[in-house]
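Before we start, here is the structure in question, set down as structure tokens.
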């Protein structure tokens, strides 16, 4: 492997990492914090992508269009939470069926409203060239966006009153309520944040993907589910580790063989991981931390 | 009464040294931690065949932890448990049950959709043939004064009846050691007396050993042969109820006075 | 300040409490004592709104709060200090204290300095996760957390549980100081003789799910009177 | 078989004795009304080919095949609490296996072997996956996600098996295009045997469905059923009655896999075709939807929901079809979370108790299962 | 699929009569309540996807079919009777295709069937069609090789498309080819054709990658292409996921020209993607909406007048359109809707005035001789055409497919006949 090829693998890793992390965060926040598996997660991403693309077509500059995408998805998430999801708290399996129904409706409504595809927004920034190779700068920067998103989540959940209350609610809902936390509103806000993150993913990938179609969201689904399982219940710890681990496996096998082998290797690794660590990476980190604390 | 599997109960109690002993249960240095917090610390505890032992102590003393370690719901961090002369420390719960350990949980957890008869069938079908279900069911229900409620579901039973049905279900397995977690919590005075009477009768008839966790000292007084006091995860003292009641140290741990 | 009238509570289908009548006047420190398993924690949870009552009424600061949830009661000025180690173990000491801000969001909110002044150990351990504190320190944290919101009423569930006897005495003194300096009303349940005798101004005795006696300061001084409801 | 009867009637009639193994607290419908409805249902399904013709029946046979797939989920989910999105994995693996054997051994022997092999491979696959999960400490929703991921991995894998290197003997896996020319259902040895035509396939599927239904009723009301339901309701407690709940879950999951395998064989012999789309998320969700809507602890409810929903989907065409189906799902989950069959039963019970207040003291009368 | 398995399956089917079917002797095909079903007048089945994965391609096929029927009916119908259409939406779901095909054949009794976009769909329903000996038109451009007595393949085959564009590219840009193709039958057979054509024209395939359907990441593929530095890329990618390749090619500023049989004419990527994703894309096509002929202008106008909201009028839509007209002509010539008579009439050799130009049906292979052109997209995605050739479906001739003489139901694959592969 010469220097250029090493760069190739690095960029491929960054791209896989960004894709897995961004595909997962929204789902992971909603699952990790609320215990709801949102099978319509892909369609939340779809909403973000469509809102971004359509407003870019209206002449908005791309950053503003992306903001529209995030805001639209957030509002959309809040409306769904208030009307449907709210009634399904504590009913994990029912919430899966209901969100699957929502997903069916959204895909087809998108098709009815906007047709089989909408025109794409082109990718900004051009490419980095090295030797005979080149790599899209925007795609490399997506890794930066993924890290920034994780950092933002970290700050949100550790530095703000909201974040502290959210974490307190998960650790001990009863005590949190007795501390004056309105847990119902907590759930709504958490769902809104999960939706905003899905919207962000849609907004970021709208220009990095070919023209959005109603099936746009389904591309993200498999990676998102795999990463949630591998990451385990703690979003802040699990998602980056899962993204890093799966991204490395995918990039290495893809580089060594083909993209297909990379994908299969990633899925197989995920299944083995679950067998070895039923609570995912965050469970592992938790037990390491515990034993470290004990040895003190 | 025929045991399900004759091989498990034929061994006479032998302790870990290989000597014959009347001890049915023996724990050695039982230690359990939860994420750095010690729940029980070096518990050495033995129960004789047919004995009725009560486990008392203030909140958080580790009583339920000890019970869960014996049933296998929890795995000890260190130490071992011998039952009937065999090391059962790493056996799964269901195999301990096969060896004769039975348990009644604190909160009644009957199967909601099943009638009393059908609830009883769940333990019964493990040890008797289908042909005997009805006779055994009726015997047990009669013994626990529940025959009239044979076709009732738990929701229609009184709290006391539910507690009795639970004990009946645990007894259906014909255990040699029975663990009861607060059998009279929430019962009226009359119901408490009934349960006490019931336990005495079972003991007399079947020779079952009991470990009972209980807060109600009056109840303990009426049933216990010996009492073990736990505090801060360790055995504080052991003795007859009279000895324990008059022990000033026991009063102190309950009242929180400095020693 | 707080009135419970003819309150009945059950846990699932199991009745736990019946015919409970309790009155707490502003500025008082009221104890509720009883042995293990007589329903003390159930009672305190019903006061806080964490358990629904089957019958009866609860009024707080002049308002009927019988059917209000815990979060609302907390914001109206009830500061809850749960049993044992019920701090948020994964949050740091400081984050735990910040949780207290949601209680009784009045303008005259206590400053962190004041809480740190009461409990200097909390300032030392600011950035440590709460789960790594000792039992006594966790208890102080739980009290400090409640005080941050400047509550009108402190509701304590067995402050002595899992705490070493020498620390129990410190906690008792701290709570008395809180009552005097901040004029906070206090209600607590307890089975620790020391706490009952030294903290309570007046005390209810609870047994088999109901109030069986009420002891004024004179009877509280008598060890025999108190141990009757506590001892083994 | 069953020693305990619900009725305390001493001299029970012959009919009751015939019925008794099929009845018990673990199935919702045990009343005369229920069995009457059941009989009417079976007879009308049996008459369908006569009334609507063999073509229509051949066509609708797939409804029954899928209903069987729904039953396989209902069994593991409703009776043992294991929500598996992987029933399609066993279904598909069995279908492909049947295809491989049937295409390679070209005689009735091959087809007969294929049936056995298909179900056996699906069963083993379920057992292996179940062992992996249950003995690995995987629980609750993680079981659900893992089974979903397994189905999706199979889809990814099968999609790329297009090349000649992916032929097993005569049988080409065919990748995205799928495997074609899979033989019809038949039983026999060499050239002697009975082959099932499309029209008859309907009756085979119906017989399989009814057989499985009655068999499962016997099972869930028998010893093992009590253990399953006990595990479902409270695993810890059941463990303390000496049951190895991990093993019970494994056996249940494996049996569920075998049933899915049976329906997989019936599926490929119906369409003579299978492709990786059978493992996709939409396909994987269908059994969950049928069981949710019909009532996850009601086998008959699941069957009815599977048939009715497929019928509705076929009738609805045009761009609003999926919108309507999706909305229906959300609506049912919000309005009757336990499913339609249990709701219907409650409704019938309420009406009966209000219309005949003095009669039938203790025996509960139910009409639906 | 090989012929052996077909014949064996028929042999098994023969056993049915002696088997269970005898029991069902009392059962009628139609049933008591159902009557014979179907409409009284002539009817064609048009099963094209308007939802699901292939809606993008299927919608226009469906629309153009309706346009053709409308025109026929406005013109007095077929044999003087108004033509009906059975056109439920199969939702890109192959099982639904199977159900609807049986419904169309048995219940509706359609006189001819147009159905399916993907090869997978065609292969899913062909057994049903074969069993009923149904007259069936498959209109998608495809890998080629289907030699089937009742099936008429209206689209250009890989041989026709690649045969036009690959030699052109070798001439224009050089002999080093890098193949990327969808990883299923279509892509793999197309890959075989590229190798075969390279061999014939002294060129070389320097790299080949088969990519699973639905894959969306092409970073490693692009790096691999850059590593080989070919003269041009032969792209037989399929579907929306794969369209990402073109987008990523532009992002990575990979400026190697591309030859394709699948792009633009079906999924109108040049309209949907932002330029310059498809710059220097050369595609071998028989039809695109942009074709500048008077006949096509009239067709495009008529289409958008009927369907003002339509996205694009693609190659397959044109194939549906002309083949419905062609079928109607054959019916008129035969004087009956009887399918055998119509097939005989079609096999007599028929020519039709299609928007792409006048095209002929090849009687022996049931394929069309097409006007193949090279369509090129520039940096602004403007399409220009060059190098028009009239190309026969030669592969099936070479393998000896002669349906009027030897009615078979097979799909031939090139690797069975050429050593070079």
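Note that the chains take the letters A, B, C, D and E in the order they are written out, and that residue 1 is the start of every chain.
Just so it is clear, a residue touches a chain if its C-beta (ideal position, glycine included) is under 8 Å from a C-beta of that chain, and two chains touch if they have at least 3 such contacts.
Molecules present, by chain and UniProt name: A = Urea ABC transporter permease UrtB; B = Urea ABC transporter ATP-binding protein; C = ABC transporter; E = Urea ABC transporter substrate-binding protein.
What you see is a predicted model; the values in this text were computed from it and never measured.
The greatest centre-to-centre distance from chain B, using averaged C-alpha positions, is reached by E.
By number of C-beta pairs in contact, the leading pair of chains is D-E. Taking the mean of the C-alpha atoms as each chain's centre, chain B and chain D sit 42 Å apart.
Averaging Cα coordinates per chain places chain C (ABC transporter) and chain D 55 Å apart.
Spacing of chain B relative to chain E, judged by their CA centroids, is 75 angstrom. We define each chain's centre as the mean of its Cα atoms; on that basis chain B and chain C (ABC transporter) are separated by 34 Å. Each of the following residues of chain A touches two or more other chains: 108, 111, 260, 263, 293.
Touching of two or more other chains is recorded for residues 156, 160, 319, 321-322 of chain D. Residue positions of chain E with contacts to 2 or more other chains are 51, 183, 210, 212, 214.
Contact residues of chain C (ABC transporter) toward chain A in the complex are 48-50, 69-75, 78, 80, 82, 86, 88-91, 95, 98-105, 132, 145, 149. On the chain D side of its complex with chain B, the touching residues are 1-4, 6, 8, 24-25, 223, 226-227, 229-230, 233-234, 236-245, 362. Contact residues of chain B toward chain D in the complex are 71, 73, 92-95, 97-98, 102-103, 105, 109, 111-115, 117-118, 121-123, 125-126, 129-134, 137, 151, 169-170, 173. The residues of chain E lying in touch with chain A in their complex are 51, 53, 55-56, 59, 183, 209-212, 214-223, 226-227, 229, 240-241, 243-244, 246-248, 250-254, 269, 271-275, 277, 309, 311. By the touch criterion given at the top, residues 11-16, 35-38, 83-85, 131-132, 158, 160-162, 165-166, 168, 191-195, 208, 227, 230-232 of chain C (ABC transporter) touch chain B in their complex.
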